[in-house]
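The first chain written gets the first letter, and so on, giving A, B, C, D, E and F; residue counts start at 1 in each chain.
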Amino acid sequence: MTLSMLATLGAALSLLIGSGFVIVGVIGLLKFNDPMTRLHAPTKVGTLGIGMLLLASILNAMAAGDPSMHELLIMAFLFVTAPVSANFIAKVSIHKRTCEAPPKPLKDGTWSTLDAPKDE
Amino acid sequence: MMSIEGFFDIALIIALVALATGQILSMVRLVIGPTTGDRILALDTMVINALGLIIVLGIHQGVKVYFEVALLVAMLGFVSTVALARFLLRGDIIE
Amino acid sequence: MSLLLVVALPFFGALLPGVMNSAGRAACAGVTFTVSLIAFIGLLTNLPTVLAGEVVTARVEWIPALGLNFTLMLDGLGFFFAFLILGIGLLIITYGRHYLSRDDNMGEFFTYLLLFQGAMVGIVLSDNVLLLLVFWELTSLSSFLLIGYWKHLPEGRQGARMALAVTGMGGLAMIGGMLILGQIVGSYDLSVILQNRALIQADPLYVPALILILLGCFTKSAQFPFHFWLPHAMAAPTPVSAYLHSATMVKAGIFLMARMWPVLSGTPEWFVIVTTAGLITMVLGAVIALFKHDLKALLAFSTVSHLGLITMLLGTGTAFGAMAAVFHILNHATFKAALFMSAGIVDHEAHTRDIRRLGGLRRLMPVTFGIATLAALSMAGIPFLNGFLSKEMMLEEATHTMLFGSEWLVPVLATVGSLFSAAYCFRFIGHTFLGPVRDDYPHKPHDPGAGMWVPPAILVTLVVVIGVAPFLVQDFVFLVAKAVIGDVAMLEVKYIKIWHGLVPALYMSIIAVVGGLALMLIYKPLLKVWETTPRPEAKVIFEAIVEAAARMAQSIIHPLHNGSFTRYAMIGLVAMIAAGYHAWTTGTVAEPVRELQAAGAVPIAGWGMLVAATAGLVLLHRNRLLALILIGIVGLMVSIGFVYLSAPDLAMTQFTVEVVTIILLLLALNFLPNQTPVESTVLRRIRDAAVAVAGGLATFALAYHYMLREAVTTPISEFHLANSYKGGGGTNVVNVILVDFRGFDTYGEIIVLGIAALLIYALTESLLNGPVRRRLLNRVPDQPRAGDMHPMMMVVLTRVIMPVVLLVGFYIFLRGHNEPGGGFIAGLIVSIAVVMQYMASGFAWTSARLRYPYHGVIGAGVLVAGFTGIGSWFVAQPFLTSAFTYVRIPPFDKFELATAALFDLGVFLAVVGAVMLSLESFSRLARRADMPDAEFPMDIDPSRSDPPPVQTAELKEGN
Amino acid sequence: MELIVASAIGVLTAAGIYLVLRLRTFPVILGMSLLTYAVNVFLFASGRLTIGAPPILDDAAITYTDPLPQALVLTAIVISFGMTAVVVMIGLGAYLGSDDDHVDDQPESDASEERP
Amino acid sequence: MTHWIILPIVLPALLAPFMVLTARHHIGIQRVFSLAGIVGLIALSIGLVWQVSDGSVIYYRLSDWAAPFGIVIVGDRLSTLMVLLTSVLALFVLLYAIGSKWDERGRHFHALFQFQLMGILGAFLTGDLFNLFVFFEVLLIASYGLMIHAGGNARLRAGVQYVLFNLIGSTLFLFALGSIYAETGTLNMADLAQRVTLIGAEETVGIRIAAVLLLLVFAIKAALVPLHFWLPSSYAEAPAPVAALFAIMTKVGAYAIIRVYTMIFPPELEVTSGMHDLWLLPAALVSLAIGMIGVLAARKLDRLVAFSIIGSMGMVMVAISLFTPSSIGAALYYIVHSTLAGAILFLITDLVRTGRGTLDLTAQPPMMGTHMTAGMFFAGAIAMAGLPPLSGFLGKLMVLDAAYSDDLVVWVWAIVLSSSLISVVGFARAGSIVFWKALGTQATVEPATDLSRPSALAYAAIGGLFALLVAHTVFAGTVHSYTTEIAEELFDHESYFSLVLDTPGKLSNPKEAH
Amino acid sequence: MARAYRWLFPHPFLTLLLAAVWVMLQNQISAGMVVFGLILGTIIPQITSVWWPDRPKSIRLGKMFSYVIVVLWDIIVANLQVAWIVLSVPNARLKPAWIVVPLELKQPEAITVLAGTITLTPGTVSADLSNEGHSLLVHVLHTDDPDAVRDDIKNRYERRLLEIFA
């Protein structure tokens, strides 16, 4: 088995794994019955799923003899931005009281989202 | 015995189908909600799945020039998520 | 003097009174008089030629291709009328100078009068029917101004409008008639038309043309049933009534009938229409005149009646009738103008024109009495006055005229008309001047100054002279009559004399005069009968018609244009769909030549998503935020579709535009209600849905149709693909098209974007400087707000990712020419990067640190693009011609330098500037009064509470 | 594939028209956006559909999709973006002035309106 | 290659951003630039008209790519005439805007004004259909900005409708362009004209639909009923000088119809017959009627004028839709006339608004400075209603004359003449209410303080337009023979085609193109 | 000299990052590219430094590297765990919980990295920060022992970050 074939095989496996994760993430999105728990599935599982697909792309390019690494950049962007998206969505749930109320923080008065300015 | 290329092609199709299914299921969440947070989350998921689709389409069609598209989606996709969430939190998104 | 000058003088002279207004009333009238006099003399200089039986002509080309030229001719008829117009005009000017009071604007009056005079002269001298139409309508307009001269009088306004509407309508109809004549003959020159009697009368369009032209004549000359406007025109100052409504304008219709007599008369249609109208008008006008109490109204209806008489004479179609008509025109002009002036004098002196309040003026105003009596008796048909002569001729003609197969109908009606005519003349004399002197005149009357009575006196002198010595004017009348009949018929022996023997006309005359006197005896009971007889009041009917027309117009226009955009859009869309459907059903379809491409699962799923999102959007659009999310999905699906279908540039643009659009809509939604209420009925929604489905089917069918077919020949894009690299220096053909092949489109496109931003900025300024500002400042948020305006995670992420995004933007910009990307997408990317910063740390904090003058960025962008285009001029190439070269500077790889990149830089700058200026404007609207500018980039920063931040101080200095 | 694209155009058009006929500015603007999508895809499709052959010159490529409609659509997207921004702003201005976001003129508001 | 023909587009397109960049806070400088630019434009357009007056055609390849591959600008007698008309109109409108200080009442008036000109002039000059779309968008978006200039509630509400309706129009334009490209594979007008002749009778629906959709697009611009609904409120609510400038915008639609439906889809073209030759004339007649009925129905002076614009466009379209050289010659003559007359009436309306405080057609206290205004209104109304002696009457005669041999001549004449009467009554009614009918005899109202009184410059601007109108009347013969020559040229395109399609550009050999 | 250096490179780490991104964007390496990347990496932070006024103390790159490795490993493990939870644990048996993580980290950059890490790793999402910034609110998807999760976060990630952002 040549390196190229190995890469193709790896790409195929990555594709399968990646799509599996993607599906699982979406299933989680559908299945869970609370906004906060729903948040877990796609932000993590989805991210890794896409990561695997990107890996497949890298391996595929390698197999074609035209190595390519810039997919890593996409992965980096996803990993950096996904937590912020999740953070904002969580804040929305807290603010809109659509999830279980969080406990009080240990040191400070309240959570920043709930710390609505008085005059508003 | 299936060739590696054949296996790869099948994997590609499976990936495409999985991503398409993912989109449809996310769409279901988007429509049923129930909270707007869920809907934004669904949109966010769809954007990320779209990114996956673009990548896999690139592999599938053997075209490399879709990279920039994927890059943009990865880089800017979260902006609309943040904007929508900020709207729910504050009303004014760039106050 | 050239005819052109005769016509032009009053028009150019019309400028003078207005200018002279400040120089005083005398100067004003003087200059007017002088102008008229010169024109009059100019006319007279042509008399010898006319008397010699020749026609004077003048011609200046105006619109030769249309056949409308300044072609003038002067023959006997024209001279006769022009003489009347200018001659009586001079008298009227003199009279008017004294008649108008100090409050009246004399310059304005004489300006209008001269305009009118010029138009009248123009009518009678025109040798081109289109030119004649021009003057014709001008008389309507100037008479509108003259009747409405006393703006404060409602009667003046109504009378003016009525006159304009009626005569204007006739004029418009006449346009049709004249055009038909011109088209039949092949020329609009009157002299040509007049020579084609046979051709015209044989044409199937003769009758329509005749009717249309007669409509013009009848309305102008106040013939039944259009007689009603004339009495209401009496609201005009008396000089106007005397001039327009007795001597000149109302004669325009008569003139035209006389002028067209050779080609239009002599047919049964002409005879029946014209004679009948004339006859009815004559009788009706006379009867009404008898019962009018206003002197001017009485005279006005008498004018109607006499015009009817003349019309009837022209209608008979005989040469004798034509001659009688000409003679009566002359006579009527003299006595009627004198009568009007007399009435004006009475009004002027006694301050009333109501006959019931007058009487006995004979003693107080002997001069006026003399003038008025002679004129009135002439009108009554008393021998030795000119009115008698022409009336005799009319009665003579009547006895020879058979209408509707009856021999006695015309003679009897003519006698009845004359009888009533005599009666109102007697009433005019009797009830105004005779009887005892009263002591209740509104103002003590006495004879006016010579300026006012000399003009009518001159006219009355003519009345008597012609009456006594008709042979003096006989040749002249003969000349004019010959001009009327042309070579159509031969005039009989000279007829104009006082005594013809015991002919039927004499008996009829006697019956009329005696009957008239008898009517005066039973006037009071007669009046009672008249007043108790219900009859249509023309003015009321006219006003009602106009009101009804206006109301009908309103009921058509206002409900249709009720400000309902949805209706407008509905009508427009239905029109579009219907037009497309019509084109479709009337066209042909052949078999498709392309095969359907197979669609895999992914496109089908994508299609499903798109349809689902779209359907969801339609169903859930009332939740506006959800609608935005859904439209985001539609955009996302379209982007992916573009990727799938080999359009990466489109996908990138679509995606980035989508992000910015959602931000924009969210900024707006902040102010707007978050929900759309249910307002439309189910029926309406079904209707809308039906139109929507029809539209959807239409675009579906159209797209499907052509996707399975080929263009008729090779698309021009073959050339683009072949020459993109060779001639444009880029491998991304889309980008090369954008910046090179069709760079001019892109140039326009960035200008659109720049304008959009300027507009948004300008509107924001307007709003913030208007009443909206206060409301904005005190706006209460429509939803509870969360804390933490500027979350730490977002701020930190932005710090790192924003430079990276800028880098990527630069990358996309650079490689756009060869790979997907380009200035536009790069501009959007950079804008989104800045928006990230805005969203992270807020508008105030962010812009306080880097305030780009976005206006300038837009301006610079458009200028850079523009000057790049102009740059090619310096190498003698057309605007926007690109040039490129490849450079190698170690350690860098070989790279391309292209003017297209400079152009793309302009695009980039314009996009950044436009997007940022728009977003900035929206943010400025959202600034609230209670909100202090953020001091820190993030609200929560535990590191801040420990060591005080040093950098902020530095920063403050820097800004 | 052609059927999918054509029907997508049809669906977008229909939905766009339906929303354009709504009574408030916001849905009407959304409707305009949908119509813009529809027409952009329509214009794009006028170059016919090609899969996997982007118009980026490449020695290895055998065929290309028609680049011209793509350029036209790009122009159209940009222009309609500008138009959207403008109509949103004008609609917002109108709403802020009158507290009413109906697209139709309201009969009762006619009488009370003053113009500078 | 000389660059004069591109300058009418490039000059305002550079001037506007330059003003934005350097002088956005200095109204005085903006005025100077703006005026200088327009004077330059006029000089340019006179030169261009002069250059093509012998029937030659100026052709300009943008980016040096030959037609049909690149965009070309084509200046013939028709387009240069429209360019001249636009720039002259713009000068007087701008003078009025300065004289009445309208330009100070909001931001960026002058930049938007220049951009507006760029869009209009570009639309007249381009030889490419998609480029025409771009210029339509430029002129539209600038018109949105000008229309809502100075803000205000009613204006913004009307603005929303105006923008939305035109967005539908722009969308339709793209549908039409897509169909045309799909059918023919080209966008250049001359090339298109040649390619449509290749389309066989066996399949005509595609090109038929394209042709009819395009017609509707232009009909919207030309305010042809039933696509005219956008016009009344937006023109009535727009600031007066803007509405006056808009008088030329409807003509862009008329121009486009003339150009496209004589050159690309002429009536004799088999594959598209039985559509515009069937529908255009009735629609034009209805427009004429609706417009003039609207004049009679109007309750406010500004709407009256707006409806008169619809009516005059109906008249123009009647003439165009007869599609003969003489009728199009008449249409062009009438286009010049109605542009000037419409602008005049809108500016006078502004004087009335300033003097009287309201435009309601109800009795009001007498207004200040009536004399001059009333006289001008009277003259303007005469012009618009088509009464002699002004050019409206002459134009009407030309149209009627040209219609004589048409099958629908009775309809044309009946509607032209009766709508004329209706408008005469309407104008007389309105004029007598505004200028004659006054409530009581109390002192005249002082104009409200916020309404700055127009200066002598404003009056002079209107006077200038009148002078043009008079010149258009006096020299009607010359103008008419010129417009008739233009129209004849429109029915004989060979020189245009050969110039545009056979001139090589960068890397192209014209022989290969076909 | 130091002043000039600080002016030229307000965020040296960012400069390197940008250069790296630039090279990756090109998808190939050449000297010219690196140089150009460094040039851009110098210019762009210049422009954006107004929005990043604070100058974080230097980062220990070595420790950072090992941190990244740990996190990447955890991400893979976490994904498998969460996938398992998604697929096998019925909603009724799911035990989500809020946990509060008291923070010793002070620097915003450090806290953000921690929060991001938490979101990317085992069944946890960082949801909010307390109003003074001394506690982090974390949501756990499924746990029997919330305190253990908290301790894990503090020991495994925060401790390392304290060293990195020393």
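Assume a contact is a pair of C-beta atoms (placed from the backbone, for glycine too) under 8 Å apart; a residue touches a chain by one contact, two chains touch by 3 or more.
Values in this document were obtained by computation on a predicted structure and should not be read as measured data.
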| item | value |
| --- | --- |
| Intersection of the contact lists for chain A and chain F | C |
| Most distant chain from chain A by Cα centroid | C |
| Farthest-lying chain, centroid of Cα atoms versus that of chain E | F |
| B-D against C-E, pair bridged by the larger set of C-beta contacts | C-E |
| Intercentroid distance (Cα basis), chain E paired with chain D, Å | 26 |
| Gap in Å, rounded to a whole number, between the CA centres of chain F and chain C | 73 |
| Between chain B and chain C, centroid-to-centroid distance (C-alpha), Å | 59 |
| Distance between the centres, which are taken as Cα means, of chain D and chain A, whole angstrom | 32 |
| Residues of chain A touching at least two other chains | 20, 25, 27, 39, 43, 47, 68, 70, 73, 77, 80-84, 87-88, 91, 93-95, 112-113, 115 |
| Shared-contact residues (touching 2 or more other chains) in chain D | 20, 25, 28, 38, 40, 42, 45-48, 51-54, 56, 68-69, 72, 75, 79, 82-83, 86, 90-91, 93, 97, 103, 105 |
| Overlap residues in chain E, where contacts from two or more other chains coincide | 130, 134, 137, 141, 144-145, 148, 150-152, 156, 160-161, 164, 168, 175, 179, 181-182, 187, 233 |
| In contact (per the touch rule at the top): chain pairs | A-B, A-C, A-F, B-C, B-D, C-D, C-E, C-F, D-E |
| Parts of chain C lying in touch with chain B, wherever the complex brings them together | 600-602, 605-606, 608-609, 612-613, 616, 620, 625-626, 628-630, 632-633, 636, 639-640, 643-644, 646, 648, 651-652, 655-656, 658-659, 662-663, 666-667, 669-670, 781-783, 785-786, 788-789, 794, 801, 804-805, 808, 812, 819-821, 825, 829, 832, 835-836, 838-839, 842-843, 919, 923, 926, 931 |
| Residue ranges of chain A in contact with chain C within the complex | 77, 80-81, 83-84, 87-88, 91, 94-95, 112-117, 119-120 |
| Chain C - residues contacting chain A, complex | 781, 784-788, 791, 793-794, 797, 800-801, 930, 939-940 |
| Residues of chain C touching chain D in the complex | 562-567, 569-570, 573, 594, 596-599, 603-604, 607, 610-611, 614-615, 617-618, 621-622, 624, 627, 631, 634-635, 638, 641-642, 644-650, 653-654, 657, 660-661, 664-665, 668-669, 671-673, 676, 679-680, 688-689, 691-693, 695-704, 706-708, 715-717, 720-721, 724-725, 731-734, 737-738, 741-742, 745-746, 749-750, 752-753, 755-757, 759-760, 763-764, 766-767, 770-772, 775-776, 818-820, 824, 911, 914, 918, 921-922, 925 |
| Residues of chain F touching chain A in the complex | 21, 24-27, 75-76, 78-79, 82-83, 86-87, 91, 94, 96, 98, 100, 102, 115-116, 118-121, 123, 125-135, 137, 139, 141 |
